[in-house]
Amino acid sequence: MKKTIVSALGVVALSVSALSASAATLDDVKAKGFVQCGVSQGLPGFSNPDSAGNWTGIDVDLCRGVAAAVFGDATKVKYTPLSAKERFTALQSGEIDVLSRNTTWTATRDTTLGLNFAGVNYYDGQGFMVRKDLGVKSALELSGASVCTNTGTTTELNVADYFTTNKLEYEIVAFEKADEVVAAYDAGRCDVYTTDQSGLYAQRLKLTNPADHVVLPEIISKEPLGPVVRQGDDQWFNLVKWTHFAMVNAEELGITSENAEAMKSSDNPAIKRVLGTEGEFGAALGVGNDWAFNIISQVGNYAESFNRNVGPDTPLAISRGTNDLWSKGGLQYAPPIR
Amino acid sequence: MAVTDMPTGDEKPKVKLLNDPKFRSIVFQVILIIFLVWVVWSMIDNASTNLKNAGIASGFGFLSTSSGFGLNFSPFLEYSSSSSFLQVYWVGLQNTLVLAVIGIFFATIIGFVMGVARLSNNWVISKIAYWYVEIMRNTPLLLQIFIWYKGVLATLPLAKDSIDLGALGFLNTKGLFAPKFVTADGAGLIGWALLIGLVITFVIKSWAKKRQMATGERFPVFWTGLGLIIGLPLLTYFIMGQPISTEYPTAGNFGPRGGMRVIPEFIALILALSLYTAAFIAEIVRAGILAVNRGQTEASYALGLRPGQTLRLNIIPQALRVIIPPLTSQYLNLTKNSSLAVAIAYPDLTAVFAGTALNQTGQAVEIVGMTMLTYLALSLITSLFMNWYNAKNSLVER
Amino acid sequence: MADIDSQTSMNRAETGALEVAFVRKELAPAMAPPVNESGVLGWMRKNLFLNIPNTILTLFAGYILYLTIPGLIQWIFTDAVWSGDDRLACATVAQGGELPEGWKAACWPYVGAYLKLFIYGRYPDAELWRVNITLFMFFAGLIPLLMPNLPFKRENLIFMLGIFPVASFVLLSGGNLGLNGFLLPEAIMEPSTLKFWVDFLILTLVICGLVAAYMKGTESDPIPAVVGTAIGMAVLALVLFVMSVDFGLEPVETDRWGGFVMTLVIAVTGIVAALPLGILLALGRRSNMPAVSLFSVIFIEFWRGIPLITVLFMSSVMLPLFLPDGVTFDKLLRALIGVALFSSAYMAEVVRGGLQALPKGQYEGAMAVGLNYWQSMRLIIMPQALKIVIPGIVNTFIGLFKDTTLVSIIGLLDFLGMINLSHSDATWATPVQAMTSYVFCAFIFFLFCFGMSRYSIYMEDRLNTSHR
């Protein structure tokens, strides 16, 4: 009996020590000293660990940006790799502070799942990849094909819509993990691999012979991917939202990680407001006034992040396209900091 | 406590309340109940506050909304992406049961063969059975599923160069494309003929038994029954003008089309589940046969029964009494293990309902709860059956 | 009868005396046994070719072996590739390598290249010595414990159940557990390590007081009980202190853990946590108190009725929703809780088997000596019952050990998870890659599980003799 009491106590003590008072996420994050960031289990270009466990990618950059804004140190991030299934529960339960895991913004997720999408850091659309030797030129020729995809994603729903509306027969094979989908497609279990187009380019690198596969021209859906936070914490929501906007604004104003220091002495009031030499925008967000400067100098502006992770010089070789600035014909548009 | 203090006669012993076992047990139980109620209540309270705070929808309303995703396996039930989430549940349950029933069928056959082989006085046979059992029992089932799925079936040729199995159809990475039986008018009568054959056989059997009891004369029930069960449907088949034909798969753009498609996930799961469970069944069968006293065999021989009759009338009925209870729990294990289907994308209950549907709706509590209750119900039904069987077949002790 | 006997003996004596020529004087020399009854041939006749059906079976089995064994040896040894730097070493001409078309065999250099990841997961290179020490401690503590003839079982057990878990926790995770109090409201004292110890002291005093009051109430001497409780709390404090001290070890997050080490961590933690829980549940199920036994039955049957994978789903997706706002558990810890509860139900049934196997006289004897319930359990019943069920416990452990692979489905990178992850590396991607890694994995699991099942059979035999 005594032993039971003692061991029960141990459990209680341990679990209680894991307790942290949670009023506002920002205060929490400041108290524990790092941002807990939910990422994918490995998607090159977006969030991918190297063999030493260091994470890189465009989604990872956003988390690093948030850390730079809060702490002035972009390395103060801890990553939680999540499957598509776990991601929302992990956010809802407070296990992570921000979910930055190529997650599509949809009405259901924004409402009934209790989430808030803090912007779009990558405009994507769903595409198809097939083997070259099938000779398929368009997705409309895919009747009777087996289609591999991830469970619990919007792609699974889009593909059902697309094939039903176009009256095409198909067989869906839905795996839990992205790696399994790629492996099954590579082994010939499926004729078609469908996911976000950026994902197709990223996963193609994992195939045995990437050159044997071709991405079809059709884009069958809108996939605005962005960081997600819990509903009901506007301060944190604002911070994440404006971290992304700061990066886009910086690109628009020509501020890069290299020239950020020099730009501080710029005469342009817009640049001054971004870099914190004018105005009190940091304080309004609950962080230091040099928040955007820290983001830009440590992580870079949106273009730098894009080019470093997915751009034309990376193995993914994705062009800016819809993700170019609004002023250059793309969709990336950030409200001004003023 | 000295001996002189012992209460004597009818005098009630004076016990401190705390030392009274009855009082202590009541107090302890009350504390336990309060504790449990507190745990459950705080869990429910936490869940409801968390759900409310996060603005997550709750309730079972989602069951009637349409799922929006497709499934690649539903042998009996109708399903399309416009079906409701409730239909997803039924399809998942159906796929679990189909997997379980077919897996149990093969596992039983292989298990009995291996169990008997293990006791064979042929050294090679018993050693093969021994190593089969040991290898299967001592490696994880999930690993075996992966071996079949990724190690064996995924390395089959691509759909365009399928292996031609002749009358059995085609085999490739996309599965087995077997010929399908297509029924025309009158095919239903064949089923009726089979049923009639079965009923008549049953009637003859009980009549023959009665007659043997009364007169001692025997009647060839087995051959008559066989003739009725096979002959009647066959006769109907030809009378109705051969209403069943086979449809062979033909080459299509993306490999063979038509015929009966067996997806590789299903094949891999059936192979892994039945071979794995068969190893456990083999051990149960072996133990069951060993449990029958050797004197039983000798007694049968002394009565003049032949070895086949001894096995059929004496050993097996007694061994079954030992075999059935653990066998049922192996069947249950197989059913529960079929949930590993989620690892290789076979749409069973766990994969499509506790997996895909949960992902799309986010209602973890309702969905995981329903899934667990379903498995619990399956296991309860199995144990009820087991209890009933035990009660029916246990030795009537004198 | 006697008459006849004496007659025959007389006859013998007479004939002996007469030295009849047709009676042999010495025993005939023993003839060699018939060739077909002894030696290799005899064994073969008896075991392989006893009669026609048996011979047919033997030939059939021989044919099966002929089909499988040479192919297996070729696949694993003779045809296998043993050295190379990337996939080209294990690729056929059509796949860009040099091996002949149709070649299919193991690709061992790939396993060699990934061996570190298979064993340690992504644990940082510089800190691997910590894992190695833990592994060494584990095996050094376990092996003597399993040998029934060695002395110092008690000390050994204390090491394995007391010192080793704490040491391995500190070594693997880096220790430095954050403790910030749990009792006093925050208004009185800011959360800190100091507050934790203040809280802990208050809790200890309260518990000691309760124990003293209870002992007073039952009219027994409160001092030994209070001292015992205080010592227990002090040990707990020491454990917590060691866990919370900063040894200067680099903290390693659990998402860096993986490989075979994680498989061991889950299996060992699972079984160590399941054993006490299982004992309590088994006692509860046999208890006379209806509320306790009903609770135990429901608990046991619930966990035994659902598949482990749904338990793991629940722990990874649902459990966070049931915890108070802001309380979160590590993903590995959640899986561990699920695994421990799941196996405790199975353990309870094993222990219950042991309890039922004990003759009723043992219970009555214990009562007759005047021991109370917990004393009789601790001193009389449990030592005997647990001894009987050692094989059962080992079998449960084998089951749990195999079942740990399921955590790869919820994304933890255990041995099997790591193997599946390695398939996504294009450096070694060939059609034989999957099979090679799975055969390797199966071999390791077989080695461990087969060894344990042999051990369980050995213990069973040993225990059997001591009971007969």
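The first chain written gets the first letter, and so on, giving A, B and C; residue counts start at 1 in each chain.
Assume a residue touches a chain if its C-beta (ideal position, glycine included) is under 8 Å from a C-beta of that chain, and two chains touch if they have at least 3 such contacts.
Being a predicted model, the structure only gives us computed values, none of them experimental.
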item: Intersection of contact partners for subunit A and subunit B; value: C
item: Maximum centroid distance from subunit C, chain identifier (CA atoms); value: A
item: Subunit A and subunit B: spacing of chain centres that average the CA atoms, whole Å; value: 43
item: Distance between chain centroids, defined by C-alpha means - subunit A, subunit C (Å); value: 41
item: Cα-centroid distance, subunit B relative to subunit C, in whole angstrom; value: 27
item: For subunit A, residues that touch 2 or more chains besides their own; value: 85, 89, 92-93, 176, 180, 183
item: Numbers and ranges of subunit C residues touching at least 2 other chains; value: 317-318, 321, 323-325, 409, 420, 423
item: Numbers and ranges of subunit B residues touching at least 2 other chains; value: 50-51, 53, 150, 154-155, 342-343, 358, 364
item: Subunit A contact footprint on subunit B (complex, rising order); value: 50-51, 53-57, 68-72, 80-82, 150, 154-155, 157-160, 172-174, 252-255, 257, 263-265, 342-345, 347, 351, 355-356, 358-362, 364
item: Subunit A-facing residues of subunit C, complex; value: 87, 95, 117, 122, 124-125, 177-180, 182, 186, 191, 196, 200, 203, 207, 228-229, 232-233, 235-236, 239-240, 253, 255-256, 276, 280, 316-318, 320-321, 323-329, 331, 374, 409-411, 420-421, 423-426, 429-430
item: Residues of subunit A defined as touching subunit C within the complex; value: 1-7, 9-10, 12-22, 28, 41-42, 49, 51-53, 78-83, 85-86, 89-90, 92-95, 176-177, 179-180, 182-183, 186, 205-208
item: Residues of subunit C touching subunit B in the complex; value: 46-48, 50, 54, 57-58, 61-62, 64-65, 104, 214, 217-219, 288-292, 295, 301-302, 304-310, 313-314, 317-318, 321-325, 398, 402-403, 405-406, 408-409, 416, 420, 423, 431-432, 434-435, 438-439, 441-442, 445-446, 449-450, 453
item: Partner subunit C, residues of subunit B touching it in the complex; value: 16-19, 25, 28-29, 32-33, 36, 42-43, 46-47, 49-51, 53, 120-125, 128, 134-135, 137-144, 146-147, 150-152, 154-155, 336-337, 339-340, 342-343, 350, 354, 358, 364-365, 368, 371-372, 375-376, 378-380
